[in-house]
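Some structures to go through are shown next.
The same subunit A turns up in both complexes below, where it pairs with subunit B and then with subunit C.
This part shows the complex of A and B:
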């Protein structure tokens, strides 16, 4: 009986906390508007995107087929770990939204220089991390 | 009562994971036929379990990571490693930003290698600016303090590098980088106590010299300077090729030990980027094959001289020459990212030729890894 009480109490706390932390903010990743865009980088800027968050690395991408321009939200710290240049090709999978007549993509996955980088999971939750600059090197085994 | 403790512990883990923005678990399995990287090849397997948590607070992120590694044939070398830190990113304008991080680390080895236990503090300051949309200037400064159980290894270091890269419409990237480093041993001559372990154990034929400070040693600091160059070429959207070269000079100082050793996966305090001078050239081919699988293949050749380290014969008699190693490394790596986990396999073949016969060795190194990520919090 006592055991059941503990389990119920703990489960209640976990569920309550998950509900509070799961609240959404501002614009958010919508899997229903997901699209793949392939194009050429036209500009790279750092820009505030969300309240109380570090500025984001934004890549302005010209779609190859339509010549349409997209503002691609990458992540804050990728500004340091990724060296994008104007003229380079980039393929983005992400959620599209429009704001002030501009087409924006919240990037979930990018393909760049023959490598794939996962920026969010399939539900759109961010995969970038604090300490990415210092942590990444020691992961995935030794280099000689 | 015990059950209550178990429930409470489970709750703490779940709770910590929920509070975090990111919670990841990873498992790596490594196999080698030369764990101590010397002529007396010794097989071992290493299993490593890693967890990672992070949480954003406005513009500051805090993160913590734990890693337990177990060696099957040399369990005395097993260790637990933990770090925790915070970082902050500040954009000066839309083309320039600063990044700062402070990380505390601790490594705890089983009793056989408890001299390697350390606590450390790292600070990183990074700067990046776009001089134009195709040219980038970057600079990093790193400070590190490490205090070991065996105080002979204690040091502080400073590292500064500046790099410039530019991209051409031919899909070619050229990068140049210069680095300067300064490592100060806090007490390299504090102890002349020689702890010699007879070589019937893990090292094969020769005694262990790693714990012996040199009796004649001038100065406490090592200063290095290096120049790096890289040229990378994109071939279509799925193939990348890069060639890089590095030359490093020891400007002052030398190694304070009588021997320098590297172990596979396990950090050895006698060896790091300050231990050597010489050059290194590398080439790497990256291919994105069907099903979005990344394939990387590379070759690296290095020639390193270890200032202050005298080569010895297999009985431990000095040969009167400074140790020099020439190393060829072939590597292949396959990686596949899924939405919430990633898998990788890697293989290295290393051929190390040295004028110290103890370090004349070859080795095969296999790794396989599974990384599972769970994300929490808002979707922003």
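This part shows the complex of A and C:
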């Protein structure tokens, strides 16, 4: 299971590398474009996202209703300890931007397996640069 | 002033001063903080203006925005910087933290500055328009770290609380010390007052009793003389009765003398005297009074002991103590041992007599307390008075049936 995941990761890395290398103009946490997206995990990849930063965990998410695909930027790989699995549901609150027709989300908060993970603060300050990630407990009857 | 009032008298002003200090110091710190923040704000705005000139210059020289911001990326105090076009679209940006550019165009109008909190500390945000070229308008957005200012404020706050705490603790300790001193002073004062009142009462009683004694003794002397005359004139069969009456009058007279002696304040007439000689004289006088054939009175001393004392009174004290020992011991040994101990003389008078019950030991030095049939309870009281008049002290250790030890400490020697 873990092996196949890494194979997929490697392939995805090659495909998407060209598109995301470097610090793109719109690629910042824009609080004005914050949106909530729910969908199913399709793929997990690791990519360099920011200059002088370690690779990031990227989840390719298919939106539940519109079936639109989103590249969800989670956090540096070393920071996020949870395992994502294809087909599982994920709810993301984050800043949306488009790049070459592809929709991207910089995640601020994700809900996965009933747990909420705060990855950035309300202004977009990354949790991995200022203490530990906030993890809220499961809420009764709020699973999706 | 009572203890509680004293505490309030000192503590309330102290607490008042402490509160005033706290309020004034807090106001002062708030004022300095405000002024410093304004100063920093002005300085940062001035720095931003210079930055705008530099950026304008670079733009005119056809440098790309990325190249320009690269040159500022190493600056420690700049957390993020962004250049926006006339329509407020981000042309380029640089941030020390991944994707962090907390600019909301919904809240920012044409120009402004504000401070936001972040896990990296407070950040001063400055958003301002400028014209790199004529007819072209851009916006510069910059975030400066206020970490140093915060450190300074935290340092000031820490020092303030440290000083405040120190003053509080020192004040509390100091005033508790004052309070204890005052309590001790009040206690001693009260004791002294009680003692003074007691002495006054004692003096009055003494004067009254001496007067009564004197008034009684005059008719007693006359009565004694009358009985003397009667003794020679009455028939022979009544002579014994008259003699008995005369003896009773003498007894009353002796009692009055003892009363008067015990109530008189002691006046010392000190002289250098040998303790061995004093005890020897006392022994001689006791031999006339008691049958001491079966009792051995043994005196010993570690070295020759001399006292600076009133010879007559001190002899009286030893006489009383030895009388007490003889009354308690029908036979056996009464030992008197004297030794020089530092700057005092210690004398132990030890008998192997009946001993004193524990409940009586505290009372034996009280006036008119006696367990003897014939005693008046004045002897040991007088002894204690004499020893104390010499600034000494007397202790008793005894166990019923195992004898008694009197220990006397007299300074000097």
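Here, the second predicted complex is superposed on the first by the 98 of 144 C-alpha atoms of A that agree within 3 Å, B and C clash if a C-alpha of one lies under 4 Å from a C-alpha of the other, contacts with A are read in each partner's own complex, and residues count from 1 in each chain.
Following the convention adopted for this analysis, a residue touches a chain if its C-beta (ideal position, glycine included) is under 8 Å from a C-beta of that chain, and two chains touch if they have at least 3 such contacts.
Worth saying up front: this structure is predicted, and the values here are computed from it rather than measured.
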item: Touching partner for A:53 - first (subunit B), second (subunit C), both, neither; value: both
item: Contacts of A:115 with subunit B and subunit C, given as first, second, both or neither; value: first
item: Touched partner set for A:32, first subunit B, second subunit C, both or neither; value: second
item: Subunit A: partner with more touched residues, subunit B or subunit C; value: B
item: Contacts of A:64 with subunit B and subunit C, given as first, second, both or neither; value: neither
item: Partner chain(s) touched by A:124 [first = subunit B, second = subunit C, both, neither]; value: both
item: Partner chain(s) touched by A:89 [first = subunit B, second = subunit C, both, neither]; value: first
item: Contact residues common to both interfaces of subunit A (with subunit B and with subunit C); value: 23, 25-29, 49-50, 53, 76, 120-121, 123-127, 129-131
item: In the complex with subunit C, residue positions of subunit A that touch it; value: 23, 25-32, 49-50, 53, 73, 76, 106, 120-121, 123-127, 129-131
item: Residues of subunit B touching subunit A in the complex; value: 3-4, 7, 10-11, 14-15, 18-19, 21-22, 26, 28, 30, 50, 52, 54-56, 58-59, 61-63, 65, 85-91, 93-97, 99, 101, 103, 122, 124, 126, 128, 130, 132-136, 165-167, 169, 171, 173, 232, 234, 237-240, 264-265, 286-288, 292, 294, 300, 327, 329, 331, 337, 339-340, 342, 344, 346, 348, 350, 365, 367, 369, 371, 373, 375-380
item: Touching residues (chain side subunit C, partner subunit A) in the complex; value: 90-95, 97-106, 116, 118-120
item: Complex contact set, residues of subunit A against subunit B; value: 3, 6-7, 10, 13-14, 17-18, 21-29, 38, 42-50, 52-55, 76-77, 79-80, 83, 85-89, 91, 109, 111, 113-116, 118, 120-127, 129-131, 133-135, 139-144
